[in-house]
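Naming follows writing order (A, B and C), and every chain is counted from residue 1.
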Amino acid sequence: MNFQIPIGPQHPALKEPISLRMTVDGEVITDVDIRLGYNHRGLEKLAEEKTWLQNIYLTERICGICSHSHSSCFVQGVEKLMELTPPRRGLYIRYLVSELERVHSHLLWLGVAGHEAGFDSFFMYTWRDREVVMDLLEMISGNRVHYAMNTLGGVRRDLDEGQKARILEGVAILRKRSEYYFHIGASEPSFVARIAGVGLLSKEQAVSLCAVGPVARASGVARDVRKEDPYAVYDELDFELCTADTCDVLGRVVVRVKELLQSYRMIEQMVKGLPDGDIVVKAPRKAKPGEVVSRYEAPRGENIHYIKANGSDKPERLKVRAPTLGNYAATLVMLRKGFIADIPLIFAAIDPCICCAERTVTLVKAGSGEESVVRMSDLRRRAIARHQNAPVKRNAVWPL
Amino acid sequence: MAVVRTVLYLVVYPGLLFLFVYSTFCEWFDRKVYARFQNRMGPTHTGRFGVLQPIADFFKLMAKEDVVPDAADKRLFSVLPVIGLAVVSTAGLLLPVWNFDLANPGWTSFSGDIIVILYLLSLPTLILFLAAWSSTNLFSTIGGARVLTMLFGYEVPLFLAVLSPAILADSWRLAEIAAFYQAKPLLLLTNILGFFIALVAVQAKLERTPFDIPHAETEIVGGTFTEYSGKKLALFRLTFDIEMVVASGLLAAVFLGGFPGGAVVGFIHFVVKTLFIIFLLSLLRALTSRIRIDQVVSFAWKYLAPLAVLQLLATILLKGLIT
Amino acid sequence: MKIAAFLPELLRHLFKKPATVDYPFKKLEVPKDFRGTPFLNPDMCIVCRACERDCPAEAIEITSVNEAEKRFRMIIHNDRCIHCAQCVDSCPTTPKAMQIDSLFEIASDDRHKLKKDWVYVRAVLKPKAPAPAAPPPAAEPKI
């Protein structure tokens, strides 16, 4: 039996729409074709019409789980353009929220991996513990998702002693639970049988296909923006870079849990060593002309924002390269030669944040390969015309 | 008069209406226990403690739109849920809880009824495969193939495990097997290994985690049930619930000493023992994650089948020792 | 590889209280400084329009009702609001004219019911000694 299965755009394994068309032979996948663009919102164009301050909130909403990473990456870049030096206390608070977000994202991912494998009890437990982090973030920033802590020149809210104590308590609870999940994830036989040896990506492949984040680190590639190019406070903190050697989904689970434990260490260091002072400096309304590339280690990998300013109060161009976009090429290689039963796990193991990665779509003419960029209104008009002119076929095999 | 009594027997107790009410109660129990294992609440507000939730789900599904795909084989597609329900309800009639009087058996207790009940419980698997095949949907086809592949794995251990106590009791009639173990309760302990094998095999038959591969939600959408909706889906789900009750009843009759004590006390035994087995099945469901289809077959043939043969050998040796 | 490594934890949970909060029969407390919905304190508003300018979602609209009396009308479109509280940060008065409350159960079946408006006369602030009141991170308001 050699046929094509459509995984997506709507599928229970996916949290966001993406189309993976698999050609299968029995239960083994022979080829994968990936189609993006179902969640394109025109964010880069919208960013050109909002001021620098308004764009912080816009970039935050590129994604829900890694919202603070996009916002911080953007703000880092703009502060460079405006030549601002935020005060140390502000930077500590900003990256404290970053590490808390990393904790929340990895706990969410552990639950999702469990659910994709059918291990629902694990899913419920990790998400119950994630509530501890969400409550901490709500206490610090006023909201559980979309923390809106960043502003040009620092952060908007301060931490007091009571909040600091609560953070340390929460981290102590979470550390115990995370070590228990590490133990379970690595020793529950049915779960390990599902994730060991699945989704192999060798070290050379990871480097040549530019995989980022835990996907690359699980294949032994020791790259982390916090270590290579430490921004703000990371050169003062003491933490290790987590890698694994197994190059499969089990390695990715191990890397993420190790990163959780390192994040707890960093959070404790940041809370205990929080310097005194202001949390923000005043920022100008306009930015001097220039361009900046800002790198940030999001929970999913390296996040790159390119910002170009032309002297006005709005950006000239914002380009977002989300980490998941870098991992797509590696996913195609991982999916080939796998089983159908492994599709959700392999895909979930890259921690897909598909809406982060939706950027401009170009039309490619099938015959000549010529590319063009078309406006949405034109696309819509073309689709309606095509649908009206197409003959209605009964009992047709619809192309997927 | 006898006709009226038979019709009441078939429709009310222990027929369709009783099976409907009891199986929805068992589904509630399963969901509540599963939720408590996961530190959640389970159904809470429909009826007291959420007891009416499965009944509410059934009626909701009955009221939804029923879509039959264009390319499907319509007659086969529509009639299969009804056949499935009929098959498992018939299997339910053979449980030894309502024909407790050995001297006066009635027409639902006869020599060989343990084989008939096992056969009737295997039919739903074939019905699922036919349902998948007649849906002509890619996901259903894969689900149907997986259903049959799993059948190769768990059917043999289940049969061997269930037939071992029958061999020890020297009878093929469920009521007699139950009576044998009621007379000599200590011999129940010799079947412990068979009990656990049968539990795992029943979990596979009922397609629950770790064996819910044929309708794995995150992989193939709904498997065999992808195209079913509305009334047909309601009947399929009811079929699975009743199958759970009947399989637990079978295990309770063979491994836990049956349902002694007449009409009322026997019924209480039935309820307690089937709920105990459903508790164990829920525990197994919460404990593990789903495994792959090739791993099921290799697990069944590497571990379950040899252990079941071991149990059978032990039973035969013991029988030789006793007589 | 241990079979049933998870078992003791599962059995323990049978006897623990569920972690679910039985909403809406029991409610959760929100923390202090929770960002709910914005509202105006009309006595303090000097109509500097900083909130209108800085709102990322264009949810604040200030129009002039009567030029002579300096009467203005502010509409907050709560259906557009993204609850970021930038309007509160941009507001330069002390105490702030723009504030945020803790309401989060604001769902409605018609988005026009979510809009709130105030009609007021522009406040005149008495000049005070330059106090180190928390300055907004945005630029100076233009009156």
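As a convention for this text, a contact is a pair of C-beta atoms (placed from the backbone, for glycine too) under 8 Å apart; a residue touches a chain by one contact, two chains touch by 3 or more.
Note that the structure is predicted; figures quoted are calculated from it, not measured.
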Centre-to-centre on C-alpha atoms, which chain is most distant from chain B? C
Closest chain to the centre of mass proxy, which here is the mean CA position: A
Using CA atom averages as chain centres, what separation in Å is found between chain B and chain C? 55
Roughly how far is chain A from chain C, going centre to centre by Cα mean, in whole Å? 28
Between chain A and chain B, centroid-to-centroid distance (C-alpha), Å: 44
Set of chain A residues in contact with two or more other chains: 121-122, 125, 128, 188
Would you mind listing the residues of chain B that make contact with two or more other chains? 37-40, 286-288
Which chain C residues reach two or more other chains? 6, 10, 19
Residues of chain A that touch chain B when the two form their complex: 1, 3, 5-6, 11-13, 27, 114-122, 124-125, 128, 188, 190-191, 193-194, 339-344, 394-395
For the chain C and chain A complex, residues of the former touching the latter: 1-3, 5-6, 9-10, 19, 30-31, 33-35, 54-57, 82-86, 89, 135, 137-139
Which residues, counting only chain C, touch chain B once they are in their complex? 4, 6-7, 10, 13-14, 16, 18-20, 22
Applying the document's contact rule, which stretches of chain B touch chain A when the two form their complex? 37-40, 70-71, 138-139, 141-142, 209-210, 212-213, 216-221, 286-295
Chain B contacts chain C in the complex at 33, 35-41, 44, 283, 286-288
